[in-house]
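Paired with chain B in one complex and with chain C in the other, chain A is shared by the two complexes that follow.
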Partner chain A sequence: MFHAGRPLKAASRDRSPFHTESDETVPFRSRQRLELRSLTKSFGGRPVVVDASLSVRPGSIHGVIGRSGAGKSTLLRMAALLEEPDSGVALYGGVPVTGLSGSALLSARRRVGVVFQSFNLFSSRTAAGNVAFPLEAAGVRRRDIRERVVRLLDLVGLADKADQPVGRFSGGEKQRVAIARALANEPEILLCDEATSALDPETTRSVLDLIASIRDGLSLAVLMVTHQMEVARRVCDEVTVMDAGRVVETGPARAVFSSPSSEAGRRLVADPAEAFRA
Partner chain B sequence: MRELLELIAGPTVETLAMVSAAALAASALGAPVGLLLYLIAPGGLAERPALRRVLDRLINALRSFPFIILMIMLFPLSRLVVGTSIGTAAAVVPLAIAAAPFVARVVESSLAGVDRGVVDAAVAAGATKARIAFGVLLPEALPSLVSGLALTVINLIGYSAMAGAIGGGGLGDLAVRYGYHRFRLDVMAASVVVILILVEGVQAAGDRISRRIMSMR
Partner chain C sequence: MESLLEAVSLLVGGDRETWWTIATSVRFSLWSTVFAVIPGVPLGAALFLGRFKGKRAAVALVNAVMAVPTVVVGLFVYSFISRSGPLGSLGLLYAPGGVVLGQAALAFPLVAAMSYTGLQKLDPRYGETLLTLGAGPWRRLAAIIREGRYVITQATLAAFGRVAGEVGVSMMLGGNIRWYTRTMTTTIALDASKGEFERALSLGFVLLALALLVNFLSHLAVRDGR
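Here is the complex of A and B:
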């Protein structure tokens, strides 16, 4: 998975996810939207992620599965530029984004959307206000914001609740608002950290279908961390298995689920409850 | 009874003026420091461990200072700011200085009460620290900030009674002059009752506003 020696011309990228991808016809362009190369992170001397690499193509959902404490969430936080790796590089569209600071860091963060397990909505804002926040942060003009917010809430099926405070929304509605917020700046990459773990099975399915339809419609590269095997089975195109901070297996979802090559993968596939064990 | 009402009306107004002016000044001084304390805390958005330790010590020192002594020590500052070291206006200076570190702690702990995940979401959106502070942290912490402000005002009402004892006027002054020096127990009792009503009123108003904000979310 280490794509060394890719020419830096890969830096030319298309900001709009509404644009059709044509990676195959552009020889020097990275085919990967998101690459994590040898990411390592320790907290207080305890290694949490060790030499983890993976890459996500545009228009695909890449699942990261493993027991709780396997380092999945920390890996995602490094990909989201919320956590600085001790070593290793994260690349968006072939361009390194780790070690940035100041406005370069802020604009790199605007190129990814993040969806969290506990939604993390702004309770002081309405649904529309939540979706508007990343646009305000990016300096989008006020009159353009409203129009885009309406379009995004429509995309997640909540246009009629735009002006309601999010406090009384159901879990599924909250996560839909969070997804709309994550998509506000038209990111190339969507990172989902246990996005469905707080939802009931039916809501989980509808949220997953929404994410899958966004993947297709916007040609997003989606990285989805989950300990729910049925989630990974349902929507993931590729799957990475993590164990004790390391990537132990990566491959097409079908292959990983039908014949896992790693011990951790075999345990997870044989017994989905395995994922809940620390 | 009429005499009592006449006696108490003026000092009540003085106390209210002293406390509101001091609360405003203390908030203006303390709130930015509270925000700073939150931001530079370990694990915060702009960690500055050394500065944080210095501020911590300073605030703790100020807070543990007996108010009556602080007041006397601040006479020169009062003279500088309001031109005199006695009277209601002069008392506002030590009151504000005494309450500012309290406000700083109140603001810091209110902000610390904002869910870390919500802050993460704002950071992940590529927002600047200023936008996170004013667009997310303060609005999210608003109910708790209102409660904290009410608590500050209540503390100030207590302190203001002490300020009265050294010429600051207000209800404390009235209680001491009439109740203590002239054995007018009725005046003393009336002062205490008015102070109680003020405290209860501020607490009730704070709770109400705080709940109101919560109910709109």
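Here is the complex of A and C:
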């Protein structure tokens, strides 16, 4: 039903999707590590994330799994600079980005792409208009925007639908547009918060294939929060298990799924429905 | 029955004063709606997007102001534009500018509150999505207003309906001066008090038609927004 788009390896070998005719030197700022060090966050005195650390290598997908309320999404929100931790620090490419404000915060946010479960596309814009939005916000020249947008939509397999309003798109197509939009600012890091939870199994596979090809082709560090064990199993290189706000296990996905070392990990692997319990 | 026929004939026959009053009312209402929407919509959108301490109190305040009676709003604006008020030198009292200002003050909290409430129907993460896309505050505001255009259209129409049908502010700040500040509602109030129902009835028909039109357009905005 959905095609994964142009093979990214071919695309990156030929030319980065962010390369423009007019600016031959635009670099693709990938190959940066995402590190979260000892992040702690409480809401109303209730600890939600406690001393959580993890590191995402460039060119890898790092899954965060756990039951509902385990603190996964709050951890991702702190990584996305949407939530300020009470203590601890997030680092993009080794540079601390926690505690920034004003234009420094805006610049740091442009180094990360975020894909949410609910797409949040602009219904008033076409697919191309949606992908163009972050480029407009970053002050990219109009001529370059068009060129980049075409490449990005080609990347996600929607080049032929560039000028169609997104309201008519299927869930999978909307998520592809959201991914293209998240990649528009040449992020070093891609954060996916339950990005496939609203999709049917076939579309989920197709979107996961796309994310995996982005990892391979663009060497992004991808942090993926998910309830869906089969999603983590299918695409993640490493997995972190969270329980009651704490990181209880981290390791290669294969090892975590074959012989989990934590009680929470064992429960999740034994019964994937456990992830939906609070 | 005779009054009814006379009322219809005033409209159909193109009675100059009746139609002048209608045109003046619509003109005042349009301008005051514009002046209410310009600050009201961004305020509603900012309340939706904003994450700050006291947000609940700010929303409650906007909602409370919306419920203030028209004569109280009129009195408040009167204190500003009366000869001894801070804006007295502008000569707005008993002039079209005063009516427009008063009606705008009346409609402003309505627009802000309805915009805010309407935008709540969007995904609460819309604002955060805009943050992650690197949009600055003004671009976020513009994007959310564009995204909520149907609810904002509804808020605008409601504001127009509110000011077109109000009488307290127009009477207090406009003075109901013939061929100058007289509106449909002040004419109805005056003529009815004198027992002259023909023109009051004819203007009542127009107000009713206006209310139905606003309702219909609002319904269209809701339908298109789905």
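Keep this in mind: the second predicted complex is superposed on the first by the 246 of 278 C-alpha atoms of A that agree within 3 Å, B and C clash if a C-alpha of one lies under 4 Å from a C-alpha of the other, contacts with A are read in each partner's own complex, and residues count from 1 in each chain.
Simple rule for what comes next: contacts are C-beta pairs under 8 Å (C-beta built on N, C-alpha and C of every residue); 3 or more make two chains touch, one makes a residue touch a chain.
Note that the structure is a prediction, hence the values are computed from the model and not measured.
Overlay on chain A: chain B and chain C clash in the combined arrangement. When the shared chain is aligned, chain B and chain C each come close enough to touch A:80.
In the superposition on chain A, A:266 makes contact with neither chain B nor chain C. Of the two partner chains placed around the shared chain by superposition, chain B and chain C are both touched by A:138. Look at A:185: by the touch rule set out above, it reaches both chain B and chain C. Put chain B and chain C next to each other and count what each touches on chain A; the higher total goes to B.
In the superposed pair of complexes, A:167 makes contact with chain B only, with no contact to chain C. Contacts of A:151 after superposition on the shared chain: neither chain B nor chain C is touched.
Overlap of the chain B and chain C interfaces on chain A: residues 80, 82, 106, 109-110, 112-114, 116, 118, 120, 122-124, 133-134, 136-138, 181, 184-185. Interface residues of chain C, counted against chain A in their complex, comprise 123, 125-126, 128-129, 131-136, 139, 143, 146-147, 149. Considering their complex, residues 77, 80, 82, 106, 109-110, 112-114, 116, 118, 120, 122-124, 133-134, 136-138, 181-182, 184-185 of chain A touch chain C. Partner chain A is touched in their complex by these residues of chain B: 115, 117-118, 120-128, 131, 135-136, 139-140, 142, 216-217.
Those residues of chain A lying in contact with chain B across their complex are 80-82, 106-110, 112-114, 116, 118, 120-125, 133-134, 136-138, 165-167, 178, 181, 184-185.
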